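Paired with chain B in one complex and with chain C in the other, chain A is shared by the two complexes that follow.
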Partner chain A sequence: MTTQTEFAAALLDAGLPCPPGLVAWNGSDPALRFAVYRNNVVVSLVDALADSFPVTRALVGDDFFGAMAQVYVTAAPPRSRLLAFYGEGFADFVAAFPPAAALPWLADVARLEMLRVRVCHAADAEPLPDAELAALLGDPGRLPLLRLVLHPALGVLRSPHAVVDLWAAHQVEEVDLSAVDPASAQAALVVRAGGEVYVVALPAAAAAFIERVQAGATLGDAFAVAEPGLDAADALATLLRWRAIVAIGEGGPEHEWQHE
Partner chain B sequence: MNRTTATRHAAALALALGAALTLSTAPASAADDDKEKCYGVAMKGKNDCAAGPGTTCAGTAKMDYQGNAWKFVPKGTCEQMKSPASPTGQGQLMPFQEKKS
Partner chain C sequence: MTTIVPCASSAAGVAALPARAGLGLKPAHVRQILDTRPAVGFFEVHAENYMVAGGPFHEHLARIRAHYPLSIHGVGLSIGGEEPLDEAHLDRLAALLGRYAPQAFSEHLAWSGHGGAFFNDLLPLPWTPQTLARVCDHVDRVQERLRRPMLLENPATYVEFAESTLGEAEFIAEVVRRTGCGLLLDVNNAYVSCTNHGSDARAYVQALPLGAVGEIHLAGFARQQDAAGADLLIDSHGSPVDRAVWALYAFALERLGPTPTLIERDHDIPPFDTLLGEAREAERLLAARDEAVPA
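On to the complex of A and B.
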């Protein structure tokens, strides 16, 4: 083990001794100084998670969240220097964290919050003018072969739990969950508009449709496998209203749509 | 997809798109806004590794969980939810009210 890996390992494991060979500038005990550093590393990462997952934290309280986040931090320290995206694996961790098992919706709330972070930082794109979409109506036979390229700052989350209601209930001063039934399934559309990230509830069939369109399915394919009850007009209107369609591509499923 | 199905889908999609274009002419007030915002700073505190509570060199260990999360019980806002009995059937860690049968 090199000096550096030894130092790094000791930072994340309080059970390991202070690495040998450290000297404090003022002659104080290096073990004490190292303990401060170790603490700051963990606390700053726990704080970063607390910032990214405010509703997850509110649902379980600061003590539980802090303890859970600390286990995550030591098990999965950042792999990237982009701290904003730290916590990509946090929802999966929460799902498998035994003390949180009594709150089966907690992981999906965390998933929703991570999706908000991704949408917040996603690339910008110009929406397609409505006129170009309207022009497609001139040749309806082509429609099923078209692919819609959606805005990068858009994501869909389908959950067996009431993630939208749980999240929305925490966006006000006086949190009131008495009307929320966490066991009812909900789907969320997360979009960015005017620099703000929005979370809106979507019908399940619309969420599945938009997910397929986003993944590159042709309109015909996405429509053919749509769940019963899909209101395609409403789903498309949702995309248009959020100015979420940025380009149109064409071609069979074997052709990847190429960016111009 | 046979030809009849394809034609039917094309017609349905044309109807849907036509309706969608009509429905969406009133833009969402939020989406219509041309506010300028700096995305990079929207999530506060992420880059200030030297600032904020717990990150100063105070010399005291603010966190002292000893890696033992097991004794912690969720004490957050979930407690406010009225009657969702645990869907997992596992022991309940929080004071849920029982579902009335």
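On to the complex of A and C.
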């Protein structure tokens, strides 16, 4: 076992003894000094999660969140040096974390917050100019054959819980959850505009439709499997309003067309 | 390579950081900086925060870069690691440096990952001929891949290793001599480590290869006690620069002359103007050295 293998193992497992071979100039117990590293690692990673999941944290309080995040950190330390995305597995962990079972919506709030992080850092892209959009979308006969390429900084989340209302309630100074019914289903569109990330409530059918469009379905195919109550014109209007269409292709299987 | 070149100015086509005070760029301060264009010598960012595809971080940094010199400071390369460097991470660094053309690139004499896990901390290594050879190999590889000299930062440490046979300053001097890299003299780290290991900070600074210093870091520490009740200082970056660190900085400047100096703050971030006040204090000391050093 190498020095760093032993050191690394003891960092994340407080049950392991202080690694051998450490000394202090004054002969004091090196375990207390090693504990500084243990603490630095855990605190910095818990802080990274707290930064990415502020509403999840507010819903359970700092102490609960800190304890929950610490379990996650020691069980699943980052595999990447890019900490912005360290929360990718956190929502699944929250969903299976028994002490959080009383808040069944908590994991989806975490999913929404992780989606916000992804949307914030997604690639830049230029929306299609209005004139091109008008030309391409203006012919109802061609619409079913069109495939829209959506902006990379866009995502949707469908939840059996009121994730948008829960999130929005925490964006003001005085958080008031009295008007929020967490058990009502909601879908969210998460988009970036002017460097800001927005969370917008969306009808569930529209969210499913946008998801299929984003995955590369033609408008016709996405409409054919649409959920009851879909207002496709309204869903398209939402995409246009957020300047979320960056290219439009026509017909054929997904891989055969080129971006405009 | 035996010639020591001050690395802040030695890379072909790369201008040096100005010998002024700089500040770490914090997202909360970007708006004020862009709106008011304060007189700051340069800004520094952590490389890993900008290894994302797009969005506001890049937009802001591009705008800052248009008006200020830039230092890119890596925290995830794990140069002191037992494992080979992560080539994908080096590729990301090369792309970032290509995009922003910073005046300086620096990393730490520490390790931060092992066995596939990343610890987000700067972890210590023993000072031995074996670790020296490995660190030199890693610095060589970094400079070869990035096609520019790097600055290596002296660490803040809380433990020492029984197996160490070299002194820390001796180890660093040898890395600089063998690889031609520059030194990022973190004065707070020097003070923290020397306090934590019962040694003299001024003697440590004097034993470093001062001719290779391309940048200085100043930051605040937190104070704890070890098991024997001795001071154990923590490199916390969460408070103002301590008076003892200002004094050690002035001592270093007497030997270095004016040197680009960063005020580092990563926790409990105060309003921008508070950090600007610390930068002004550094500039006051820099100006004093400017007058004292003969042309």
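List of remarks:
The definition used in the following text is that the second predicted complex is superposed on the first by the 241 of 260 C-alpha atoms of A that agree within 3 Å, B and C clash if a C-alpha of one lies under 4 Å from a C-alpha of the other, contacts with A are read in each partner's own complex, and residues count from 1 in each chain.
The rule we apply is simple: contacts are C-beta pairs under 8 Å (C-beta built on N, C-alpha and C of every residue); 3 or more make two chains touch, one makes a residue touch a chain.
Model, not experiment: these values are computed from the prediction.
With both structures placed on the common chain, the touch criterion links A:Pro140 to chain B but leaves chain C unconnected. In the superposed pair of complexes, A:Ala84 makes contact with chain B and with chain C alike. Touch criterion not met for A:Phe93: it reaches neither chain B nor chain C. Touch criterion not met for A:Phe209: it reaches neither chain B nor chain C.
Of the two partner chains, chain B is the only one touched by A:Asp176; chain C is not. In the superposition on chain A, A:His121 makes contact with both chain B and chain C.
In the superposition on chain A, A:Val46 makes contact with chain B only, not with chain C. In the superposition on chain A, contact of A:Leu22 is made with chain C only, not with chain B. Touch criterion met: A:Leu32 reaches chain B and chain C at once. Set against each other, chain B and chain C touch different numbers of residues in chain A, with B touching more. In the superposition on chain A, the residues of chain A contacting both chain B and chain C are 32, 36, 40, 44, 48, 83-84, 120-121, 195-196. Across the complex, chain A meets chain B through its residues 14, 32, 35-36, 39-40, 42-44, 46-48, 51-52, 57-61, 63-68, 70-71, 74, 83-84, 97-104, 117, 120-121, 130, 133-134, 136-137, 140-144, 169-170, 175-178, 180-183, 191, 193-198, 219-220, 223-224, 232-237, 239-243.
Of all residues in chain A, only 2-5, 7-8, 11-12, 21-34, 36-37, 40-41, 44-45, 48, 77-84, 120-125, 152-153, 192, 195-196 touch chain C in the complex they form. The part of chain B that touches chain A in the complex is made up of residues 1, 5-7, 9-21, 23-25, 27-28, 30-40, 42-47, 49, 52-59, 61-63, 65-70, 72-78, 80-82, 84, 86-88, 90-94.
The touching residues of chain C, when paired with chain A in their complex, are 48-49, 51-60, 76, 81-83, 86, 89, 111-121, 123-126, 158-163, 196-199, 224, 226-228, 230, 232, 234.
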